[in-house]
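What follows is a set of structures to go through.
You will see two complexes here that share chain A, one where it goes with chain B and one where it goes with chain C.
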Partner chain A sequence: MTALLQAAAARAPAARIGMALFVALFFAWLFGPLVLMGITAFNSSAFPRVSPWECFSVEWFEALAGDKALMEGLRNSVVIGLGVVALAVPTGLAGALMLMQVGERARPWYYSVVISPILIPGVVLGISTLVFWDRIGAMFGAGHKTFFYDGVFLTVIGQATFISAYCMLVFISRLQRFNPALHEAALDLGATQLQAFRKVLLPFLKPAIASAAVLAFLASFENYNTTVFTIASESTLTTVLAGKVRYGINPSVSALAVVIAAVTLLFAAVLEVARRRRQRAAAESEKIARGLLRSRTRKKPLLLEPALLMIVTVFVAGAGTAWFAGSIGLEECKAAVLEEKRRDAEERVRTFQQRQMFRRAAPQAN
Partner chain B sequence: MTPLRHLREFHRRNGAGLSLFLIGATGFWILFMIVLPQLFMADFSFRANVPPPKWGTPEHYYTLEHYRYMIYGGGGEGSFNVIDLRVFFKTIGAAMLVTLFDAALCYPIAWHLAQAARGGWARLMVLALVVPFWVNEILRAFAFHILFGASGVLNSALMAAGVLDEPYDFVRENIALYAGLGYAFILLMIFPIYNAMESLDKNQVEAARDLGASRWRIHRRVVMPHAKPGITSGCTMVFMLTAGALAAPQILGGPGSLWFTQIIYQAFNQAGNWARGSAYAIILLVSCIVLVLALMKAFKVRLGEIAR
Partner chain C sequence: MTSEVALENVWIRFGDFVAARDINITIRAGEFFSFLGPSGCGKTTLLRAVSGFLEPSEGRVLIGGADMAGIGPNKRPTALIFQNLALFPLMSVWENITFALEVRGVGAARRRKRADELLELIALPGQGDKTVGELSGGQRQRVAIARALAAEPEVLLLDEPLSALDLKLRQRMRTELRDIQRRVGITFIYITHDQGEALTMSDNIAVMREGVIEQVGDGNTLYDRPNTAFVASFVGENNLFRGTVGAAERGAVTVETAAGALRARPATGAALAAGDDAFVFIRPESLRFDDAMEMENRIGAHIQRREFEGSFWQVFLDADGAEQPLKLSMVNDDAAAARRPGQRVTLGFAAELAVATRAGPLAAG
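Right after this comes the complex of A and B.
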């Protein structure tokens, strides 16, 4: 196999280099814009830009924490995200379990209906949710203070419509590996259906529930298309952000992106370390089962894993250094930049005046 | 009688509590979140545009005026609603081009990921693909704004290199928009193709190679047929999301150009014309579905194979 691959590589090194180049370019395209945006967060220039570079500063991060509208939106986003998790995960689970039980003939129909929210444009979902609950509220004669018109409620419902389908897909792929004999055995041993569900199926689905919850929260947190219609007079992080980006750009938006990227990277690192740990534990169990190992090595808390500790240290050190570097000499640097700009402007005025004088002088010479 | 028998069988298999949960949750989802809202929106789109207090009264009569407006506009006989129609066809056409571009870009990457990359390297690549998409959609569009803006990175670089004398307006020419849209949903193109390719037996490719097939022929006759459901599924997702995108056009669109979703947004949030907004939303939905069904028919892929 390897020999064959090597032979192939020897046959066409140019193609391999071409492919590597393509992959490199692709990832540059993927990360380039985000990296550049991250850099603008540290430039003291009032407009997000990389060049001209003025001063290294963290003031845009400080502006972020003081932004009331953004914090209000962030709070709503978290509330909505939790609401969506609470609604979409059980709904997706029910949808997946139902799919296993629907009759042969009804299955394609059922599947088409429950999968459709993924394909319906988010804008359309938002509008239909808005119109539907408005009409239902009117039928009950509910006032405008009731939940039928509440932005947070409508947004949770609107987002859960399609996020439930995401969760369902997660559960379906896990359920495909479920051995129904386990369930049968539980029933044969005298468990009620509910007990069998709680003691056999739910533990089996636990990892899927966790990943569905994470997926649901992330999808909700970053949704814009549906939210912008259902949110009514409230706001979420994304709607506040969209407003900021559309009217009047400043680098605090870049600073927010840096914060989000840092949090997600940290999160991804935690997930990766947790996965490695699970793998290691599984390998250990197998060794124990084969009698190669007497007992398990004692489990450290997740946060004390060396890899994770290192990453956290790097993050904290990086943030500390940035804060420190951004605060020393910032005033002097800004003053210098201002001075330079002033000199620049003066220079321009002077050349302008000189040109005017020449122009005035020219006709006299005639 | 049969539905009742089915129900009894369902009850026997699941017990009372679980049956109630399954039927209640899926029932609420299907009825109150999927089907009825769409029907109510369709109903609303066929009604006159009257202020909210008159909704449900006889003045809220049925009419086709919003659909007629989309085609003929408010002008006299024989005139067409050139603005909205042009935006509509531009949106659909551009979404198709973006989809094709993404497919062409992602196919080699997915191939590399599925066949050439291995072990830790492949995992790292997958992670590197996913991470940029955990950053908010709006922030990603913003990043493109910084890249393409008048005093943006690209203009500064091109001017410093002496290629340009004065900034080129990438935003006005919609280059920023198309680049941003092409970037926005790329993940949903790569993973379906990757999933389909991963299940391809490497021996098939090697057999074809040993039999003397050229690289192009291997892809044409072995890999592409195998990855077809993945390609179709990726194209479907990217097309629907691009045609229905709102954030990227709002942030990256040139001042003189609109995306169809922006017209819907304006009808709702600026003109307060919910009826027309609903009608336009229905038009967008139906045309997207028709196009996707046509695509699936052409490539002989079923809906069940999509969205995995």
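Right after this comes the complex of A and C.
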């Protein structure tokens, strides 16, 4: 993309402007809806909208915290997310390790089979999970209070079927970069297979385990298609939200979006800072190897990295400012808006009445 | 402790492909033994069979007299230094070195102490806390050796451990490796495709070609008394004449070549008889200018060009009837300086310095 931009820049000013416009449109298309939604969270209007702007307020965040159904759904979503991580990450790892072990000829077949849950529509996975565990439950003569019919349990199981395949993809790409000679070296030095796995392969996979866990959690958190069937009488964040949309939403949903976006951004920032630290450490190692540097500089704790401190400060300050600005003068503003609305309505009534009178008068003039 | 290693009728097949063909070899305890051969001839495969990553399709591997069949790499008294070293990148230097002790459950304090001793041995004292990435190529090399030695193997297997290093470092590491071997006194089995490495370090060398061992012997024997055309052309430099055997007697054969009839000592086991296709090899340093025309074998030639190498000259010649130029090495003196390109000369060599082998595959290049 940058190469494309450079090529355009080299050509002509007109092309440059066209390109800039295109890029702007592209980003507007990507992030416009999110930004708009974020803004609506701070508008005191009872329906999520940007205009007309009424009062800057944080009351929808408070409404969010007070929304029992939403909070219950959020809690379930987190529990299910953790459950899926606990189930899908080891399963995905096992699947990826297996792929490395099976013979050259069986590999494509094996791969297609284990990857297929990703290709099957989530709806189908949801229904089949429900039916399968119902049959199993019936086989054991289990009642409807048992875990065979428990929404959270079924959702964890159902989501894990395809999320473990995601995790497997993460592990496969990491494992492809593993030097199998390291495993052999460990064996050669007297390690058992288990020791070689624990001391050599597992540390190598650590970053992949972390990203698989994050991926699994996020995939579970945002899942709807499968969940809507398996959740039974319980609820998750997505099912609650879907229900709300059906009956009309208020801006507390926007507030939730803001919170989720903020958490995501913060998390991404932490990851980025950690990545840069690793890069710097690697560059330092390289210098030491070439004798340009005597020893490593001491590592600060991650949270004390200046970049991260700054980001956290900005977040906290932003939230604090919003809170402060949203609470002062809110009542006055609301009263003013109400007053304005009332006057608006009166005005409209008056115009209406005048028009009526005019209409009644009109036929005589004709 | 050190052990003898023996391969008995070892065959290794990958499907239809034969990577090792009927290998029979005995490596004495405490010996520095090298497998020398071009890339792809099966050296690594053979080493993997000794270290236990590979079971031979046929035959037996014995270490210290014990049959190793069914014994995994983690149970054999061998340690392997991999072609690409395979140091653990996420462990520090000292953790790498003492990995073998860690898996045996030795405590951290004792491991640290042993690591320091080994770091001393490989001349890297005080570097234990570095990461592997912080070492130079030569240092990594030495850490790999220390890591293998920490396992206290009876046999150390080295798979081209110096191939990634630059020339200077490689030459220094050769001496160091040989030193370490003398100090620890265990059997070293060393793999290389670099004949210089094999000749300078080894007590004995097996020359391999396409899964077959062509000849086993010390460096001197391989150089002076090659048994096959491959060994003659692979070990050191050699001038080659192709021909057919005219007359064969005890201790000498006459081979009819395009450069004339040449007399040479027959290679051991070659069993040359009249009419056989044969090669005659003569080393560049055994080839002489024979102005007096008094040597047993004489060849007419033109001097093509010459290269000065300090203490000696390399002279390249177009011999009458020879396909490729001949090479002659001579000490740098006044007589040598007088030899100019374009001169017509007579070359000569003694029959006992030339070797006649059965015609056969040659080393590439």
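By our rule, the second predicted complex is superposed on the first by the 333 of 366 C-alpha atoms of A that agree within 3 Å, B and C clash if a C-alpha of one lies under 4 Å from a C-alpha of the other, contacts with A are read in each partner's own complex, and residues count from 1 in each chain.
Here is the rule we use: contacts are C-beta pairs under 8 Å (C-beta built on N, C-alpha and C of every residue); 3 or more make two chains touch, one makes a residue touch a chain.
Since we're looking at a predicted model, the values are computed, not measured.
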{"item": "Room on chain A for both chain B and chain C (clash or fit)", "value": "fit"}
{"item": "Residue contacts on chain A - larger count, chain B or chain C", "value": "B"}
{"item": "Partner chain in contact with A:131 - chain B first, chain C second, else both or neither", "value": "first"}
{"item": "First, second, both or neither for A:182, with chain B first and chain C second", "value": "second"}
{"item": "A:285 touches, of chain B and chain C: first, second, both or neither?", "value": "second"}
{"item": "First (chain B), second (chain C), both or neither touched by A:339", "value": "neither"}
{"item": "Chain B versus chain C as contact partner of A:347, first or second or both or neither", "value": "neither"}
{"item": "Contacts of A:123 with chain B and chain C, given as first, second, both or neither", "value": "first"}
{"item": "For chain A as apex, the angle formed with chain B and chain C - C-alpha centres, to the nearest 10 degrees", "value": "80"}
{"item": "Partner chain(s) touched by A:192 [first = chain B, second = chain C, both, neither]", "value": "both"}
{"item": "First (chain B), second (chain C), both or neither touched by A:169", "value": "first"}
{"item": "Which of chain B and chain C A:331 touches, first, second, both or neither", "value": "neither"}
{"item": "Least Cα gap, in Å, left between chain B and chain C after the two complexes are fitted on chain A", "value": "9"}
{"item": "Where chain A meets both chain C and chain B, residue numbers", "value": "192"}
{"item": "For the chain B and chain A complex, residues of the former touching the latter", "value": "6, 10, 13-15, 17-18, 21-22, 24-26, 28-30, 32-38, 40-41, 44, 55-56, 105, 108-109, 112, 116, 127-132, 134-147, 151-153, 156, 160, 183, 186, 206, 209, 215, 236-237, 240-241, 243-247, 250-251, 261, 264-265, 268, 274, 277-278, 281-282, 284-285, 288-289, 292, 303-304, 306-308"}
{"item": "Of all residues in chain C, those that touch chain A in their complex", "value": "51-53, 72-74, 78-80, 82, 84, 86-88, 90, 99-100, 102-104, 130-131, 133-136, 147-148, 151"}
{"item": "Interfacial residue positions of chain A with respect to chain B in the complex", "value": "4, 8, 12, 15, 19, 22-23, 26-27, 29-34, 36-37, 40, 47-51, 90-91, 93-95, 97-98, 101, 103, 108, 111-125, 127-129, 131-132, 135, 138, 157, 160-161, 164-165, 169, 173, 192-194, 197, 218, 221-222, 224-225, 228-229, 237-238, 241-242, 245-246, 249, 253-254, 256-257, 260-261, 264-265, 267-268, 272"}
{"item": "For the chain A and chain C complex, residues of the former touching the latter", "value": "179, 181-182, 184-192, 195, 199-200, 203-204, 282, 285-286, 288-291, 296"}
